[in-house]
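Take a look at the structure set out below.
We just call them A, B, C, D and E in the order they show up, numbering each chain from 1.
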């Protein structure tokens, strides 16, 4: 059983890393976005291997179902990017690679070094807390222990939402740029009416 | 503000809802139409020149092919034009039969047109199937009288080709039982349906004055609030003997066009009922026996028009004294009603284009001629 | 229901737009045959307008007489007489028979002022006349062929357009 | 504006109503009613619900009498004579110009006969307007009710007279009332026309074989009565023939050969020679018949060639001549239908004796015609 | 479900196989079964739809292939397989190829959590509902790929519409379920079904109610409103009329499927119908008790279950058969409703669709969640949760009060929202006075 899981883990890890590599190397940005989605799926599968079903499902729901689609939308709606197949890597890609690797190492190495490995699995004496995988536990922790963080995140999201609305909201008077025939007609009539209203005044002025 | 790019889309010439080979070159900004240019002529066969090499009678079946939905109305307009040119009298009975056929055609056309319109809005054929069912019944009647369902070729100069068969009247009376039920049912389906209201209310508005300026005719003109009906404005045939109302709209949008068409079906039914009453007393036979079919009208020109279900259908004929028309011009309602299409669609969404087009009710055979 | 007759119209036009109405000459239509019955000629009863003043006359119809509805523009090619005749047909929205304005043009480079800026409904009529008869409407916003394709040469409804054969198909086909 | 005899109704848009889905429910109700009612058949004009489908190939609606699809030609059941006189009225009125008529001529006098030898309608271009049936003064052309005409090629829709012929009884079965109205006049005119038609001209091609057989039968009966007449001497030596007879025979054979050649590769015709035939003019006639047969076969499926006329006319020159002419016609037609490959050999060739000139001439004519036709075919 | 298989293998062979092998075998078996069932469901659904809609239009529908035309879908399938597969020249070949697969795969995934009968769920995830909707959102990517790879304007517009629609309508769908989840307190689909025993009143709300398997959520005001909202959202998710905008044939030909032919097109078709089936199944499960119905619970209590290993296997079969029957019957009724709606209505416009989703359905479902909290509070809470005043009432009384209160709340909200929504729509349709005023003054 363990062997099976390790094989699966290896395959998934290879998939995630391979897909991530493809994201930065393929020429077409749409393809790159699709590889990103593959990578997300791999991560979700990894969560499943860890028996964190909820997180896995949320990963799919949020990353694949929402973020990836957002990315795709953004790419496709801006036509200039999607239509060209030019190489995404610049000529100094190796420099970037070194920097990225260095940063990654700086974060990862201490963790790897400081981690004590091979902890035996907590084999259920009654007092041990259940792992945070279930919805119910998650919910309880959100309104219990992590209330502050939860609230802060909530406020942040609300602010972001309001900001998005502000950006997207056009002024009511500017909303419909293309006038329909009847609107044009009404407009012309009103203009004529105002012109007619002003015209006698103007002549009166001249007369005066 | 977000800057967007305009996109050009060709809707047609091969497209499910352009009612034939018709192309609309649409410029869209997002889903909003900024410009629309109708492009047609794919079905152009120079009908008018074909008519110049045919004799007057030989043109009769060609008029069937103009608006193939309403061949009877086309025949009527052409027959009136030639009769006016050649001075042919039409017996009273023949006139009644003609009006009967043309009013049946009107019901048939509107039933079909509404069905197609709702189909364009995305319904899955149900309303169209109901309309087509009633249309089939009327076509059965046409078939028994004229011998053909669509290309009736029923009218002759001075009358109609043959009298109504014996079983025509009983079947017509049966049909008149079903017709109000059908119209009521159609109204129940269309009139208050929220989806349909959303799709048709305020869409494709053509204000009253512009409707006149754009020379649109028929239900489109009436939906814009102009009570102009050739049957009332310049009564031809025996239309001055019937009581019927002219429905008009108040806004001029797609919804008004639907309502006007429904009401016109009712009025046609009224006319048909009056015909059934008056027909037995009508004088004369089904055709003027003195009328020569191989007419040789005197030199001159003439314009005659009828209220075809789609609008004013006119024929302008110039005779040089021979058996063939020197000039034969069709004033086709579908063609002229297309004029405001581009302007009417501006500012609406892509999905509205097909609805507006459907509400104009065109037939490409008539547009391209 | 207004009931103006063509004669009334001619009289009114002659009064209000002096010089615009022309005297119609009889139309021969077809050449006299060498034998057989003689075809007649005819004189139109409608108002014949000077082509350059057609817009003026049309606006007079609309604004003074109330004939706002431009129903039809028909062109006829009178090859024997060497002219094209354009028939504008107007209606009153309250009903009644039509009134027609006619204008005669030479067959070479015929041109007329366009009615489209004032009657959007004239748009397709004028394009059709341009397409099939080659009449140029000065001031039309989009004067392009409407039925035939843009590269088409010739005006198919003119009487001297060849009725047989197809120049786009070679001999061998 | 005001309107006489009626009002102007402004359509009520019902804007004030609260729209909370009632319209949607109403629509569902209507559709449900139709669904619920669709399990019974509905054939009544007064009904708007119920299953209206006519399952077409299995069940067919009764077509009205006036129904018109494609024009057909009528012939009289009893005499086999066609009503058509070839007057060209229909050809003239046909708007798409799809009717083509060849009028018949009397082979003897060369005068026009009130009948059509060929009558072609291009069904693929016909617009079913029914003008031809309306103008026909002899009520010969009528509109058929058969509408299942679809084929894969245009050519098979060019209908010739043999395909257009329908008996009057057929027309009375589809449109009894309409025929009743015109019957008397049509039959009267037909009787007048029959009198002016010699031979089998003007008969329905499908019937000529039958009529021929019938006449043969009658003739055999007549021949059996005087047994002496023709012992049908087998192997009568050719040498015994009189020169005149021989000439006739030869000419006929030549005609047959020419026709056969004109027919090209086809025509595995029976031996044209009439070696065994009795020593009289009959031999020539037989040969001619055979020639005609061969030509007809060569013509393939088309060529509704004039029947080779086996009237048991007396054994005289006229019969031979007629047969030869017929052979010539047949050969010509055959050649038209199927362009021949080989040109016929020598035209008149061997000299023929003086008398029985007519027969010889006719045979020569036949040969010539065949040759010409073949040449034409080659040129094409 | 694999416990049954486990039982079966162990009792039949008695070899004491390792648990994971049995799991693997049982999952493989079930997966194969589902992969067989799904396409056949789809084939039958197409036939069913065509026949039903034909009846609505006074026609007969396909009736030539086989008895009553039952083999028509087979003929269509054969046609699909034998058709030429056309890939446009300028298409992105690979994406064009895998897009249909990506669209089909999630719909097959979703079968994993659908219970067919008592104890007959392939995988009883404790977050089954969430799984269902998470996976369904994946197919949006496939649509997007299809639209983009076709290199066709209609296809791209169709894909955009499809994705926008799917993403927006997932929200009301999930929100309407949230009300139900609040009541049951579980995301597990099996729990959801178990909750719906009873007779018009769930046994979980009022314990004394006899269990006829009829305590469906549809009988509560909260459930009813949630059902309406969910079904509408399901129509939109499944791209059914009146929300079949992405493939609106009258406007954009066939949407993202425009450039597909042959079996690739068939796969889209398959995905769509399987998704529709699943959505109908979900509706049946969540609001109409799934396999719950008279007799199933009783039969299942006699069957072999982990809780009752002494039962008779015949009861497994019987309860399973009855449960599957109930479940499929309900599902097909909902599919019929979908067809019915398709037969009666036209299609909305894309902006109206968005308006309807965001301005009508989402507020409605939010209020419904509030109603659900009232329901839970009135029927289940007590002094411990701070609702001391309900303590003395009898359960049936509490249920009745909750019913009346939520009914009033939901009905009021519905009518109010309908009015506001209709007004806002007609406002949009009317000319914008403000704009005109401004433009007049500008000129």
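To be clear about the criterion, a contact is a pair of C-beta atoms (placed from the backbone, for glycine too) under 8 Å apart; a residue touches a chain by one contact, two chains touch by 3 or more.
Given the structure is predicted, the values throughout are model-derived calculations rather than measurements.
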| item | value |
| --- | --- |
| Contact distance in steps, from subunit A to subunit E | 1 |
| Shared chain contacts [subunit C and subunit D, defined touch] | B |
| Central chain (by mean CA position) | B |
| Chain whose mean Cα position lies farthest from subunit A | D |
| D-E compared against B-C, more contacting pairs | B-C |
| Rounded Å distance between subunit B and subunit C, as computed from the means of their C-alpha atoms | 25 |
| Distance from the mean Cα position of subunit D to that of subunit A, given in whole angstrom | 80 |
| Geometric centre distance via CA averages, subunit D-subunit B, whole Å | 42 |
| Where subunit A and subunit B are represented by their mean Cα positions, the distance between them in whole Å | 55 |
| For subunit B, residues that touch 2 or more chains besides their own | 126, 130, 133, 189, 193-196, 201, 210, 232, 340, 343 |
| Residues of subunit D engaged with two or more neighbouring chains | 1, 19, 21, 24, 27, 30-31, 34, 52 |
| Two or more partner chains touched - positions in subunit C | 1, 93-95 |
| Residues on subunit B engaged by subunit A in the complex (per definition of touch) | 1-2, 5, 29, 32-34, 205-207, 209-210, 252, 340, 343-344, 346-348 |
| List of subunit E residues in touch with subunit D within their complex | 52, 55-60, 63, 340-341, 343-345, 414-415, 418-419, 422, 426 |
| Residue ranges of subunit E touching subunit A (in the complex, touch as defined) | 20, 92, 95, 125-127, 130-131, 133-135, 137-138, 140-141, 144-145, 148, 156, 160, 163, 167, 170, 187, 431-432, 434-436, 438-440, 443 |
| Complex interface listing, subunit C residues touching subunit B | 1, 29-30, 37, 39-42, 44, 68-72, 74-77, 87, 89, 91, 93-98, 100, 118-125, 132, 145-149, 156-157, 163 |
| Sites on subunit A touched by subunit B in the complex | 79, 168, 170, 174, 176-183, 185-186 |
